[in-house]
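Questions regarding the structure given below will be posed in turn.
Labels run A, B and C following the written order; every chain starts at residue 1.
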């Protein structure tokens, strides 16, 4: 996902709600990148998701998948008892479960001119959307990588070593990796992993638990 | 459909409603893959179907065909007596026969970066949509392959041998194949088919009978 | 339209309403194919037509033309006296003349992965749509070919010999050809036409008369 440019390596000391650091990897090495999700517009009904940042088709689909996953999680974590989708009750309509129906959301991945693609920002995008919907920033110095499926399963990605090194360089102290990449982390030399907090996720919920303060 | 990667060969021990294992085949050999159907949104009226997973044009059309077939089956299996489509009666509107009118459905085929195409996931897609609409998981360890026509006829597919081997490797014990592929199964050596339960389908209903517990 | 594959040459012994056998022709020879029209959804107002089967742009336009022709025929054959299109009278709204306004219709041409194009399925598509709207199957063992204009004129097509041979191979006993192809049929050797019932159509109405039982 683009060549590493140190200009984005540390854009935020504590990212606002909606912004989450991901980790990318190319033949040029690893790099950190931010997923920035913000509200473009509030609407009564029929929200949308727009993406920018020269995303390729896999990464665009990844943002669609992330949106569906995020919606599903919000419906689970913020159930609306005895409220029907048809209800006109204001609370029913404005709660987090309905956030993406009430907002046009814009997701950007700086730097804008660097083409990016691949599915490995999946968990980062879900986290970014949830952070925005819940108006809750992620922990400082956390970064993550992992493909996510529509049911929230976290699939392995490539470049664990390069991503870890790039993350450290950007001040990351807490990493969230796919469970299926545990062996790659175990293979890392101690001088790389020393002092790092590393979590593994097989379901998106494992990401959620470690990305936010509770 | 993509090279076999063991990481997704067995993503679910018991797939949730909406998720069904299919079987793919390329020059590289066979592989198992999951069709994941989930609800993206509930709506009052005018549902939709979105697909992701780098699907080619034939596979996208396949999902459209699957949707029409699934709707037709739900109208047959869950008829609404004395209810007109125009009725405002709640039961009439929220039953399974009206599921796809009341939900935006998202179908994803992991892994997200692997391009996939071809019509042979037809029966798997129909099953996935019905599983979601009926909130009913398929049997454990079942996998299927077959093109489906708009009237629910099941057409033969290629790669039966490779698909059987790939399915076994992923823990599949019950296979559903097109009736027109029976000869290909008969040609398989015993050491491959030993211990497997194999069903043949000429109509989608034959798939339905063997995919779900009754 | 695709290479002949005997697997679909005889998919239906008696096709359901909406399904009609057409005849295609390529450099590879003739083949029979099915046009399958089904109801995707019932709607109050504003039906639509969706096509699948890897149809090229000419064949897609052909389906649009077929829809307009079919609507015109239904308005003629099922006139609604003293009924305004705006009327709320149920019979007025649900009659055959209003079928395509009240239904989302899906037309598929198996096999799904075979690209198809050309205008010669025009009469078959009109027949398929009328069969669906009237809930009336066509005669058994009938097949047809012919381009249709917006006014219902039937234009000549190529490959009459190849199409006749392919149709016979699929069990067709009644053929409907464009009037302008009569000379091509006259040129066929007796051993091909022996025992066949062959009709010629210069207007779509000539097709209609011979495709359905009366």
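Here is the rule we go by: a residue touches a chain if its C-beta (ideal position, glycine included) is under 8 Å from a C-beta of that chain, and two chains touch if they have at least 3 such contacts.
Predicted, not measured: the structure shown is a model, and the values here were computed from it.
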**Request:** Would you mind reporting the rotation angle for the C-alpha fit of subunit B onto subunit C, rounded to the nearest 5 degrees?
**Result:** 60
**Prompt:** Looking at C-alpha means, what's the farthest chain from subunit C?
**Reply:** A
**Fill in**
Taking each chain's centre as the mean of its CA atoms, subunit B sits from subunit C at a distance in Å of 29
**Asked** Taking each chain's centre as the mean of its CA atoms, how far is subunit A from subunit C in angstrom?
**Response** 51
**For subunit C, residues contacting two or more additional chains** = none
**subunit B contact footprint on subunit C (complex, rising order)** = 7-8, 11-12, 16, 18-19, 34, 36-44, 50, 52-54, 106-108, 110-113
**Asked** Can you list the subunit B residues touching subunit C in their complex?
**Response** 57-58, 61-62, 64-65, 67-68, 71-72, 85-86, 101, 118-119, 122, 147, 149-151, 153, 155-156, 180
